[in-house]
Structures are given as structure tokens and as C-alpha cells.
Amino acid sequence: MTPSLRQRTWLQLSGDPVGDGRLSLVNWLLVVVIVAAVTCSIVATEPEIESRFGVQLNALEYVFGACFALEYAARIWTAPENPEAGSAGRKRLRFILSPLGLVDLAVLVVTLLPMLMPGVAVLRLARLLRLLMLAKLGRFSSAFHDLARAIHDRRYELYVTISLATFLLLFGAAALYLAEGDVQPDKFGSIPRALWWSIITLTTVGYGDVSPITPLGKVMASIVALAGIGLVAMPTGIMAAAFSDAMQRHRGEEKD
Amino acid sequence: MTPSLRQRTWLQLSGDPVGDGRLSLVNWLLVVVIVAAVTCSIVATEPEIESRFGVQLNALEYVFGACFALEYAARIWTAPENPEAGSAGRKRLRFILSPLGLVDLAVLVVTLLPMLMPGVAVLRLARLLRLLMLAKLGRFSSAFHDLARAIHDRRYELYVTISLATFLLLFGAAALYLAEGDVQPDKFGSIPRALWWSIITLTTVGYGDVSPITPLGKVMASIVALAGIGLVAMPTGIMAAAFSDAMQRHRGEEKD
Amino acid sequence: MTPSLRQRTWLQLSGDPVGDGRLSLVNWLLVVVIVAAVTCSIVATEPEIESRFGVQLNALEYVFGACFALEYAARIWTAPENPEAGSAGRKRLRFILSPLGLVDLAVLVVTLLPMLMPGVAVLRLARLLRLLMLAKLGRFSSAFHDLARAIHDRRYELYVTISLATFLLLFGAAALYLAEGDVQPDKFGSIPRALWWSIITLTTVGYGDVSPITPLGKVMASIVALAGIGLVAMPTGIMAAAFSDAMQRHRGEEKD
Amino acid sequence: MTPSLRQRTWLQLSGDPVGDGRLSLVNWLLVVVIVAAVTCSIVATEPEIESRFGVQLNALEYVFGACFALEYAARIWTAPENPEAGSAGRKRLRFILSPLGLVDLAVLVVTLLPMLMPGVAVLRLARLLRLLMLAKLGRFSSAFHDLARAIHDRRYELYVTISLATFLLLFGAAALYLAEGDVQPDKFGSIPRALWWSIITLTTVGYGDVSPITPLGKVMASIVALAGIGLVAMPTGIMAAAFSDAMQRHRGEEKD
């Protein structure tokens, strides 16, 4: 029995039609469209490009809008092919209310809305929301589920290290507030202000817009920097280890 | 036999009344009060907020003071419920003199003192001491004991790597003192002054307020930076590994 | 039977004539010539040195050209000694068209061309191409094959982490474009412009030429910095782990 | 039979008289003197301190000189107690010519020389050499032998990663020399000049004294930064791993 058009469309959209771990042709096209749409919305924020290629970029938006509308319609249409229990209407509703379904809808709205209401402030915010499109790429990869699980497994370590890092950030800010609050009141005049210094220093970014100038402030900043950099890097280190574990587990399962 | 009020209060305060690894309701409330009190004392250092919400912040201080006084009194009252040997008075004294008991007292004094003596200089220092409140959160977690043990286990590695890092910091400072001491006397005119450069460079913060300008200084700074960054990061790396071990051991024990 | 001159030359050029894992004398000489040639072409870009030692550097170029020409000729001449199937001409052609053969040719052309046509613009570009010579050093080490294999093994992890890092770089740029686009239009006036901030911050370089100045911008930058630094460092961490694995595998094979 | 004074002195000087892994009293005193002497020579470079406490610091130098002279004499006197083959004179000569013996001599000369010849230039250089005293602390720890061995074990990895890092530093410098050489000739006008940018960026220090200003330069710098930071950090990561291995091996041997 040859599969129906709806069956074939669902298989194409669901990512892995042949079961060999490769993306389907339709999904490859969707990846290209998503990357192109995100690139366009990023590039369009540049005034020089907007003023020169504004018309072309606008035309592309219509193409992207059509693609996303078509995809959304197709996903709703083929939702009943999902081998779960329930009626066709129920399956369609479940897709619409699923996280990925909501992202699809949000991306569609965000793409079409600025065409209908070309208000400046709205457009600007909407453009940012288009970055959500990248989340759609997550559909094509089970890695993000593994990652979420791995982070959940280490929530205890994360809680402790984030506590320690927060304490150190506050302690560093308080130390420099006491040391330099009177000398540079605009930069260290309160702990919230000094927190900017503390975060930029302990992440080792170090812009240099805020730095101690008195000997006492420099001594305190040195102690805070030497003691704190490792602690502030710990939560991200644990995240990286969790991610690495998730990847290895994923590969192990794939091999089985 | 139903437990007495003192028994139930002690169980609530001791953190894990049912033995299922969850915080008791009273402890959750204490965590909220501590975080709120610390946030208040941080926010209150900002002059703009102080001038606008000073009255409200002051009122909140009375609430926090009452909470901490109540907690401290309850902990002394319920101390005899502690299943250790000794008379009730002895157990109470032991709690008062224990590290956490002293932190409780310090936090209470630091919260109440500025209300009694609103002297500016004292207030400012006292505000910093309120960060001690965060240490109270440590009561709710045995992770810090594991961490302390793990650091103790690696004291030898820490001693050697801190020695190496110190040597490199001093060597870098001496190298740039020789190279640029005459050109930028205010920044590299002595080894203690050059140490500020050395610490900010080898922690990779790099504010840019102090950097070599002569070719010789740049060559020396390049060598110091390339050779030293790994060495200065080593103690914090060892601390992170010790912490990670402590967490795993802790989880292993919990599972048993 | 004593080996012919061509056989001995080929053994010398092929890197390991005695089979004890050491470089042959001829290869040591070639390493010295390559390092010297690269150093010369780097140093020659410095106008002060060019104006003072230009004649000497030019003379050295003729020496390097002669060495590379001789090496290239010798490699073509001895190619038939390669114990593969095929006629002498075929083996020579295969060497000429192999990646390393093409690098040899490119380096030779790049060294000789500026002597024949001393056009300024061409010279400048050609000098950069001379850095290709360093790739010739890769011939003497099988480590790069191991590395390439290890990276290929982890292409899945790399794909996921690079996606995450890219998303975070874009998200950070978008956040600061929204927060500071109006205040600092030349720095945050579009997402592509804000990307420069985002890359320099999340790699923790932090030049300080671009940094937020409004409280909202600082809060957003703090969140992006604290959340993102670990994620952006993840692809390079995976590369480092892949490399470390490749090295250990290589050593394991060497021991067998 | 009670040990002679020379035997007891030798045991005290050799570090571990009872064999319980603890430093002897004499060695503890020496550690204190060395740390004090290094601190003095660092602090004395600060003109403000020199002008105020110059006399006291000078007096301390005589104390340190006496201590080091006494220690050196005692080490030569007790050298024959070393349980090696050879006559007493041979053992003494062997100590004098051993690396640690030479450091002892150098430190002694460097401490005494400025008292005999108070020439300014000599003093300044001599002060730096006093940092050698810290190397004397190495005598009290076998960790540095383990470290040296571990680095030697990984010399192959270090060679490959240092090659890659060097290539990337040169490539980054060349890229920005091409992109910004004409715009900022004093900063990127030659590859050696651009190397300063390349090193400060790829170590993530990022002072901000040198950074690209053209769009092309920023794009190239972004690519170099994203690709290169992991590679440049690799040699130091390998060193850290080697060190960590050495420490574990050392502890394993101690337990046996």
C-alpha cells in the first residue's frame, strides 16, 4: 500500500523519514529558510543596509512569511499522522499547544505582524523575537533534551556554585564600595553600582571603564580577582561537564 | 505521644523535620527573610534609592530585626532538644558559641545596632557585615562541609600551585618594573606598583589602565602573559576539581 | 646492495630514514630554512627593519628561493621511490597534485614571484601566503592527522555547541541593540554592530572600546556575560578534549 | 651512640630529620627568612617606602646576609654527612656545584654585593635576582621534580599545541596587518607590531590599547578571537593536566 500524501508530508516534516538519522529534504529546506530569515532580520537592523536594500529585504520577508505559513499549515494538517492515541482534532490541538507549536505560531505572527502594522516601536521588538526562529532548529536535534536532562541532574551542584559565585560577586562589590565609594562615587558609590565592576572583573572581561585607582582599592580588587575568578567560572564549568556527559550518553544510546 | 511545642519548633528550625531531604516551612521562610534582608542592605547603599525609599527601607529593617531576634531566641530556647549529651544550659551555651550561633548573633547585632546608634561611619561598615547573613544560608546545606573537606584533601596541590602562581606574579611584576620602570614611573616605578599590572594581566582581566608601551616592555609582557596565564589559573582549577569531587562524594553518600 | 642516490635522497626527504621516529638530517635543515624564511617574511613587514636591512633580507630571499626550488625538484625526482603502485610519471604527478605537493609549489611561487614582479600590492599579499610554509612543517608530524580525525569524531558535539554559542552571541547582540541602540547608535545601532561587543565580551577579551553606559544596558550585559561565557567557551573546550584524546591515542599506537 | 653536632645539623638542614614528612625547625626558620628577604627586596623598590624606611630596610639586609652566609657555611660544613660515596672534600665540592648550591651562592652574592658596591644600576638588577631566593623554597618540596617529569612526559603534546598556538598568533597578526595596516600604521603597520594585538587578544587579556576600528578588521578579529582562544589556551591546559597527574602520582607514592 503506497503511503498517502499526508503520510509522506508528515514523514518529511517530522525530520527522519527513512530512519537513518539524516534530515529529510523538506527539513533541510526549512533549516535554510530559518537561517536566511534570521540573517535577514539581523542585517535589516543596520541602518545603512536598510536604507539601501530595504525594498529587497521587505520582499524577502513576504517569501519567509509564505514559507512559515505553509509549514505551519502543513504541520497542523499532518498532525493526525502522529502515532499517538486520540482523535485527529485532539492531535492537532496538542501540536498547536506544544512548545514547538507555539514557537511556530510566534515566529509566524512575528513575521507577518510588521507587514500588517508597520509601527516602528513594535517592529523593533518584533525583530528581536524573530531570533526565536533559531529555537525551531532545536526541533531537528534531540541534543537539547539531553542537555536539559543533564542540567537537571546537576541542579544541586549548580545551586551551590551559583550561591558561592553570587556571594563572591556581592562581597567583591561591597569591598570596592567601601574602598573606593568616596573617591569614585559614580562608579563605586553604592553596592549595585560596584556590582557592575564586580561582574565585569570576575568574568575576566575587564572593559576598563571601571577600575580602582587607590592603593587600598587595588589591593582589594587584586584579592577579589585572584580568589574569585575560579569560583565565578565554576557554574559554567559544571554546565559544560553536564553538556559533555549528555552528548556522550546520547552517542552511547545511538550506538545501541 | 505527641511531640511538645519545643520539639516541633526544634525540628522545624533544624532544617529537615521529616527526614526527606527537603527544607522545613520555617527554614524556607528564613531563607526568604535572609535574601530579602541582604537585598535591602545592598539596595540601601544606592543614594538615589536611599533618598526616595529611605523610610520604607528603614521600616523593613525593623521587620528583619524582629525576625532575626525571634529566630535567635527560638534557637536558644530549643537548643536542649539537640540529641547530644549534656544539660540544657550546656547545650544552649554550646549553640551560642558554635560558629553558626556566633553568625546568628553577629547578624542580629549588625541589624539592630544601626537602629540604636545611627552614626554614619558605623552604619557603613555594619552594612557590609550584613553580608554575613548569607553565611546563614550555609546552615541549610551540607555542601560547604564537603567543600571544606575536599579543599583540605588537596592542600598540598594548592600549596604548590599557589607558590608557582605567586612566583610568576612577582616575576612578571619584576620584569616590567625593569622594562618600563623609567618610562611609566607611576605605573611600573616599583615592584608593588607593577604587581597591579601583573595580577590584572595574569588573571586575564586586562582593564587597560596599565599596559606596557615600549617594545621591550611589550615583548616581556607577551612572554609573561603566554607563560603565566595557565599557571595562575591552576589553583582555581584545583579548587574547582576539589569542589566537583566533593559534590559527587556527597551524592554518592546520599544514595547509600 | 647499496641503495642508489635517489633512494637515499627519498629516504632523507620522507622524514624517517632509519625508522626510529627521529627526523632525518635533511628534514632538520628544511625545518630550519622554513622557520628562518617565515621569520624573515614577518620581520620584513616592519618598515624600520625593511629600510635598514632591506638589502640583506632580499639576499636571504634568494637563498630561501634556491632551497625551496631544490627541495621541490628533489621531491619530484625521487617521487618514483614511493612504494606505491603505478609508473614513475604517475607517482610524480600524484605528488605534484597531493595537498603537500601543492603547498610546496605555492610556497615556491610565493617566494620567487616577488623577485620577478616587485609590485607593491602583490608583494604584500604574497608575504602573508608565505605563512603557508608553516603548513609544510605539518609534513613532519602525524599529529595533525590524529587531530583532524578527533575533530571529525566529535563533529556532533561541535555542531550543537557552536549552535548554542552562535545563538547566545546573537541574543546578546540583540539585547544590547535594544537597550543601548538609541544611546550609542555608532556602537549598538544595529545587531551586526552590537555583535562586535557581543563577541569581544563573551570571549572575555573585553577591549573596552564598546561597553554599555545605561543601567539597563549594564544589567543586560551582566546577565549575558554571566550566562554566556561558559557556553561560548564550550566549542573550544570540546576541541581541546578532542585534541587531548588524539594525542593519547597516537601515543598508544606508538607504544604498540 | 648520640649523633654528632654535624650529623644533627645536617639532618636539620636536609629538611626531614624525623622522617615524618614535616619540615625541621631550622628549615621553617629558613622559609621565614627567605619570604621576609624577598618581601623586603620587593617593597624596597617602592620609592616612597625606600625614602621613609630606607635605613631600616638596609639594616634588615645585614640580618638576611648573615642568615644566608651562616646557612651556606653550615651546608658546606655538613655536606660530608650526605650518605653518598666519595671523600668529604668531594661531597662538599659536589654540593657547591649542585644547582641548589649555586642558587645558594647566587642569593648570598646578590644579598652581600649591594652592601659592598652601592652602585645604582647594579643594585637594581641585583634586586631582581633576589627573586631567585624563592627557588630555594623548591628545596623543601619534591613537587617540582614531579612537575618537571610530567612536563617531560607530555613534551610531544606541548610541541604540537605550541606550534598550533604560534601559527594562530602569527596568522591573526597577519590578518589584522592586512586589514588595518594602512588605517592604524602605528598599531598594525607590520606583523611584529600586530603580534602585540594578537597575543593580548588570544590570551583574552584585551587591554584595549590596540583594537580594530574598520568593519573588515572587526570581522577578522572576531574570527581570529572565536577560533583562536581555545587553541592558545591548549598548551597551558596540557601543563595543568601534567601538573595534576604529577601531584596524584606523588601522593600515590607517598601512600605506598
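Per-chain numbering from 1; labels A, B, C and D assigned in written order.
Everything below uses one rule, namely that a contact is a pair of C-beta atoms (placed from the backbone, for glycine too) under 8 Å apart; a residue touches a chain by one contact, two chains touch by 3 or more.
Keep in mind that this is a model prediction, so the values were computed, not measured.
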item	value
A-D against C-D, pair bridged by the larger set of C-beta contacts	C-D
Copy-to-copy rotation for chain B and chain D - C-alpha atoms, rounded to a multiple of 5°	90
Chain centre separation (chain C, chain D; CA means) in Å	32
Inter-centroid spacing, chain D versus chain A (mean Cα positions, whole Å)	45
Multi-chain contact sites of chain D, meaning residues that touch two or more partners	204-208, 233, 237
Touching residues (chain side chain A, partner chain D) in the complex	204-208
Parts of chain B lying in touch with chain A, wherever the complex brings them together	38, 42-43, 45-47, 49, 124-125, 127-128, 131, 134, 137, 141, 143-144, 147, 195-196, 199-200, 203-209, 232-233, 235-237, 239-240, 243-244, 247, 251
Footprint of chain A on chain C - complex, ascending	156-157, 160-161, 163, 167, 170-171, 173-175, 177-178, 189-193, 201, 204-208, 211, 218, 222, 225-226, 229-231, 233-234, 237-238, 241
